[in-house]
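These are the structures, in structure tokens.
In what comes next, chain A is part of two complexes: it sits with chain B in the first one and with chain C in the second one.
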Partner chain A sequence: MPEVINPTIELPLYILLVLLCLLAGCFVLAMKAVKNMAAALQEQPDAMLPLVDATKPGTTPLHRWDARFKIAAIIGFAFLTVSLHRSLYIGAALLVAAGLVSLARLSWSRSLRRIMAMNGFLAMFLVVMPFTAIIHPDDTLIQFGALSSWPLNLRGLELAVQIVGKAWTVALLMEPLLATAPLGSTLAGLTRLGVPDKVAELLLIAHRYIHVFFGELQRMRCGMEARAFRSGFRLGALRDYGNFVGMLLVRSFERTHRVYDAMQARGYAGLMPQQEVGKAKAADWLKMILLVVVGLILLIGDRLAGGAA
Partner chain B sequence: MHISDGVMPTSLAIGSGVVSLALTAWSAHRTRNRDLPKVAVVAAAFFVAALIHVPLGPTSVHLVLPGVVGALLGPSAFIAIAIGLVLQSLLFQFGGLTALGGNALLMGLPALGCGLLFQLLKGTTIRRQMLVGGLSGGLGIIGSALLLALLLAASGEDFLVVAKFALAAHLPVAIIETLVAAFIVRFLARVKPEMLTAPFTLKD
Partner chain C sequence: MHQLASRPPLDQTGETLFSLRDVSFSYPNGTAALDTISLDIAPGDRIAIVGQNGAGKSTLLKHLNGLLPTQDGTLTYKGLPFDPDHLRKARLEIGLLFQDPDDQLFCNSVEEDVLFGPLNQGLAPDVARSKCEAALADVGLEALGARPPHRLSYGQRKRAALAGLLAMEPEVLLLDEPTANLDPQQEELLLQRLKDYPGTIVCITHNLLFAYELCQRTVVLEQGRIHHDFSLRELVSHRAALRGHGLDFSFRFVEQALPENGGSEVTTSPGSEESVVAAEPLVSLHDYSFAYPDGTEALNGVNLQIRPGEKLAIVGENGAGKTTLVSCLMGLQLGRGLYRLNGETVSASNRKQSCRTVGLVFQDSADQLFCPSCAEEVAFGPRQLGLDKVETERRVGSALRQVGLEGYEERVPLHLSGGERKRLALAAVLAMQPDVLILDEPTAGLDPDGEERLLNIIRNLDVTLVLVSHDLFFVRQLARRTVVLHDGMLVQDYSTESFFNDANLTTLNQLDFTYRNRCGLEIMKLQHEHEHTHLHSHLHEHEHRHGDQVHSHPHEHEHEHAHTFSHTHHAHPEKPVAAPEHGHLPRADKPHQHDHPGHEDEPHDHDH
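Then we have the complex of A and B:
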């Protein structure tokens, strides 16, 4: 096999060290943020899980959009986005998603929280991918001093950046999808799109229970800590974790059965009463077609653009 | 444990989504209406368990428990895991939107396998149930890690090394989950043994 010479940029070794230190710093910060978030969730006596659905009614085009069309259009746009291969077009999709958030007049803090939650995981891609991507003949490499056997592949770096862009775009799409209607309406839209009633019903019940169980989790944790529980990677602590989850299951199971019996006694026959759902209007169709066409234009532009991918 | 949006090529994302939807439909079909609250409980517990962090060296890992979900629910385990993942995605963005199908597969399939294993081997004594419970707990994580590596490797040759990293990172998680699952099953076998009987054969 003939030796292939890649275009190579040579840089002194210390630049790599500086870059790695910077990335490691970002990674540590991101992990700290996630850890703090988890700790805050577990330790505050009145901590709450983040809310999913609309906190207040709105009159923006996204709030007035029929749930079926909104779900179909946004999921369609998400799939079109992850099909993109060029950074420029992924950036454009990110802008479209950000435009939807501001169009719906949603608070940015909830969207930013979604993005922050993923960043530790995405940072791993940013560090690992440039060094581990397979080297193709026309990839540009950056060599650091004497480390010639371990070059940084610019294509790998671009791939990682693209993954970050796509993941951020989808994260930004979630708030316009969920926070512009009550969860019940969104789920009703799902069932009208053909999702089985059982699945939608389970989602609704489970979504109510996670808030209940989360409160239970905090009460039990409080009790354990009052009895001198110390967490850690020790057999004793792992046994306590096991008993803890077991107790959580038994308590929730019994509570759920009491509630279910009570619901049946009040005439529950396997389905929540449906809310009134309006008929699809022309505007619903138009908004869906608009968003999907924007996605398609991005995809076609992405595929037709010349030059190296 | 999760694959994020943008990693899998669209064909793989849609393919795994379709397989997941089919398995969810099968799982829903095998779930009797009167078992719905139980499935919802386990789905919510699967969600909440992911908020329990076990410190491990400089970092921490959270509980995943696919094996325990399988042991508790049998054929309904897949739908419980799918629901739990959708909720994680809705609340925290873990697991993304386009990658949901792949994520449901990589945790749901081991849950089904471990559920079957647990029901076949569990015997009658508490000690044996604890051992088999621990085994399904550990195998659940190993199976998930293998599927994760497989999906990453199938996403392109550039992800091969990442797939190996992911596999290695799950070894300590598998040890923790084996022990925690064994203790969970021992607790349930002592306190509420009827929770550990999820039939794979019965259907009405």
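Then we have the complex of A and C:
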């Protein structure tokens, strides 16, 4: 059997170092973004979480879109996107997602900050996959000086870029999906699509109380710091952490009882009351079909291009 | 679900709305909370349920809403016991306002939350929506309907929770500490709204001034039993009864009674004014600002110096920046500008050392207590400071003694009463022996007895004190100097006496205590009216007998009966404030005249 020789590009080692520095820079930026968001979270607890609740009624087509159709269309488009194999089509899907964010007139700074926060994790793919992808025939390899035994596989790099592109696309899609309607409406849409009521109620209450519990956690942490608490892995500190977590659990448990009492006191009998549910309009169907068709076109194009290749 | 345009109320089958007969209740751990309670509540009643922490007030309230089952005795609402069907219907017309609005606002927007009740009542969505809008407008939150509850201030959340009940148009409102943690303006807003409410109100509160304005009747609970059930006027006018139940808030009126003595009367004695002024500042803020990540300027160019031994009060409306200022002083937040503590500049690298010099007692003690025993709780701070075991134990004993909790070493903090927990939190801070002690709303959630005990403890502390409070009585009692924060700026820094004489206080800082002062004066007057029984003469006409002859003509005769006797105080020259002993002199404008209801109908003999 003849030996397969892959096309190889040889580059000096410092190019690899420059590339790694660039990646490290991206990582630092991402961490900074996360830190900023964490700081924002301390004072404004909802800043870091995905905006899963529109607090102001919007007038864009996405805001006026019936939640059921919006969920089905956007989730469907997300699945089609992750099925793509070719960078060009993934890029196109990313553009569609960005277009939806623009169409919904959502905050770009918020969306980009969230993408930056993901980048720390995604950077690992960019670093690891080019050096670990199985080398196929015709894969182009780049060798860096003395590190010729660890060639950079361009196909591995492309795979990593595709993963990043898909992750960005799905992250961007979550904004127009969740941030263009009150969470209650979105969850009502989910239940009408077949998700059990209890799951929707659980999500609704979890979203409400995540802020309250986080506030309690912050205040208790301040309470410890105000008494000179020194964190670390000392035995004493671990015991204090245990007390802290225990008390947080006790308080959370007590609160759940009080919340349930409050619900019962206003007539809760096991089911949240359903709010007004609008009837599906032609526009809702049209928007859903349009987005799904775009997704299908991308998928078919991707597959056909793959076949042609 | 069948949807209604309006909800028919349950039929009223009796004269009373609630009727409790020998109701007793014990919690699963064996704690007896209610003991043979018998009580009737009529439609339109406005009842304040008062008593010390742990008296059984909340348990009683939960019975009235059927949240707790009746273990012994009977409880009926509109003549029927709470069987499942009646209970379900009754809950839709009995509104329960929880103490913590976060317990009650469980939906993701205020509007959804307010709609929750009306939709559960089976109202049509458009009707429910119009009721929701009306209720939100009623509490002044019409513009905030789409907001998530966590983006509202505490006072707004409290009003949103009330709107959730008002939208249901309940026949009964059950209120659990409705004024807890509210600033004076929010408290008055709530009071006005509740005064307009036409139905029955049952209110648990330690705030007897608020109760006095809102309710006519009061039920005093002690250890799960009803000790008194009479008018609120009667309760507040009998200081002995108040004191007997740990509810005597009259200590707050001592200075009001004697306004001519000139306001500030700090009874602590740490160093003279001169030595305080001459000392180097312990805390010094210069042009200090702080902005939250969302851009909110919480502090703006604050200049403040606190010298050793000073007693300083920080006042301001909710959101004025008081808590942020305290956080910066503690080193929990770092702003822009110069902060020097004990002569050293506080920076990012050393800010966490500030807590060795500055101690903070939180508004909610629960945020500060997390250890399994009181001794461990108090020892936490000294342990973190690296003190040895002997010194830590000495400080634990000393701190617990200072706050009157000796013998509580092995008790579980979670099981203590509100007042005890507050004192434990204070002990936990005192054990660290801070140079500066900050008290954030120390009276929040305390009953009057707890307030008075805390006041006496703080008075005896020899420490630089910073008091953050809406409670102007505490400010008057404890602080010599008062700084006023408004919109993150320090707008006034003057003596406490000047602060109380400041005519702009109300308009600038919403520290409007008009109704509280009015109530206080009324209650003082009531407490100065006593019923006496003594012999006296009156001229009046009624039938009487002379031997066998019965006739009627005006005549004067002596008889003995009880009557209300108005009088003025004449202060003791030796003890004008501390011991308000007084004699009773008839008021000049009200000589000894009063009606004798029923006396004319009493047949009796007497000499002519």
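Structural remarks
Criterion: the second predicted complex is superposed on the first by the 279 of 309 C-alpha atoms of A that agree within 3 Å, B and C clash if a C-alpha of one lies under 4 Å from a C-alpha of the other, contacts with A are read in each partner's own complex, and residues count from 1 in each chain.
In the analysis below, a contact is a pair of C-beta atoms (placed from the backbone, for glycine too) under 8 Å apart; a residue touches a chain by one contact, two chains touch by 3 or more.
Keep in mind the model is a prediction, meaning the values are calculated, not measured.
Bringing the complexes onto one copy of chain A puts chain B beside chain C with no clash. Shared-chain residue A:Ser102: touches no atom of chain B or chain C. When the two complexes are laid over each other on chain A, the CA centres of chain B and chain C sit 70 degrees apart as seen from the CA centre of chain A, to the nearest 10. Once chain A of one complex is fitted onto chain A of the other, the partner contacts of A:Val250 extend to both chain B and chain C. By the touch criterion defined above, A:Arg219 reaches chain C but does not reach chain B.
Among chain B and chain C, the chain that touches a larger number of residues in chain A is B.
Of the two partner chains, chain B and chain C are each touched by A:Val259.
Within the superposed three-chain model, A:Pro182 lies in touch with chain C and out of touch with chain B [touch as defined at top]. In the superposition on chain A, A:Ala228 contacts chain C only, with no contact to chain B. When the two structures are aligned on the shared chain, A:His207 is found in touch with chain B and with chain C. Of all Cα pairs linking chain B with chain C in the superposition, the shortest spans 7 Å. In the superposition on the C-alpha atoms of chain A, the part of chain A touched by chain B in one complex and by chain C in the other spans residues 42, 205, 207, 209, 212, 243-244, 246-247, 250, 259. Contact residues on chain A toward chain C in their complex (touch as defined above): 36, 39-40, 42-47, 53, 55-57, 182-184, 204-205, 207-209, 211-212, 215-216, 219-220, 222-230, 236, 240, 243-244, 246-247, 250-251, 255, 258-259, 261-269, 272-276. Taken together, the chain A residues at the contact with chain B in this complex read 31, 35, 38, 41-42, 49-50, 52, 75, 78-79, 82-83, 114-115, 117-118, 121-122, 124-125, 128-129, 132-134, 156, 159, 162-167, 169-171, 173-174, 178, 196, 198-199, 201-203, 205-207, 209-210, 212-214, 217, 231-233, 235, 237-239, 241-250, 252-253, 256-257, 259-260, 270. Residue ranges on chain B touching chain A, taken from their complex, read 2, 4-10, 13-14, 24-25, 28, 31, 33, 36-45, 47-49, 51-57, 59-60, 62-63, 65, 68, 72, 79, 82-84, 86-87, 89-94, 96-98, 157-158, 160-162, 165, 176, 179-188, 191-192, 195. Residues 1, 62, 65, 67, 88, 91-92, 94-96, 98, 100, 102-109, 112, 115-117, 119-121, 125-126, 129, 146-151, 164-165, 168, 292-294, 327, 330, 332, 352, 355-356, 359-360, 362, 364, 366-372, 380-381, 383-385, 414, 428-429, 432 of chain C are the ones touching chain A in the complex.
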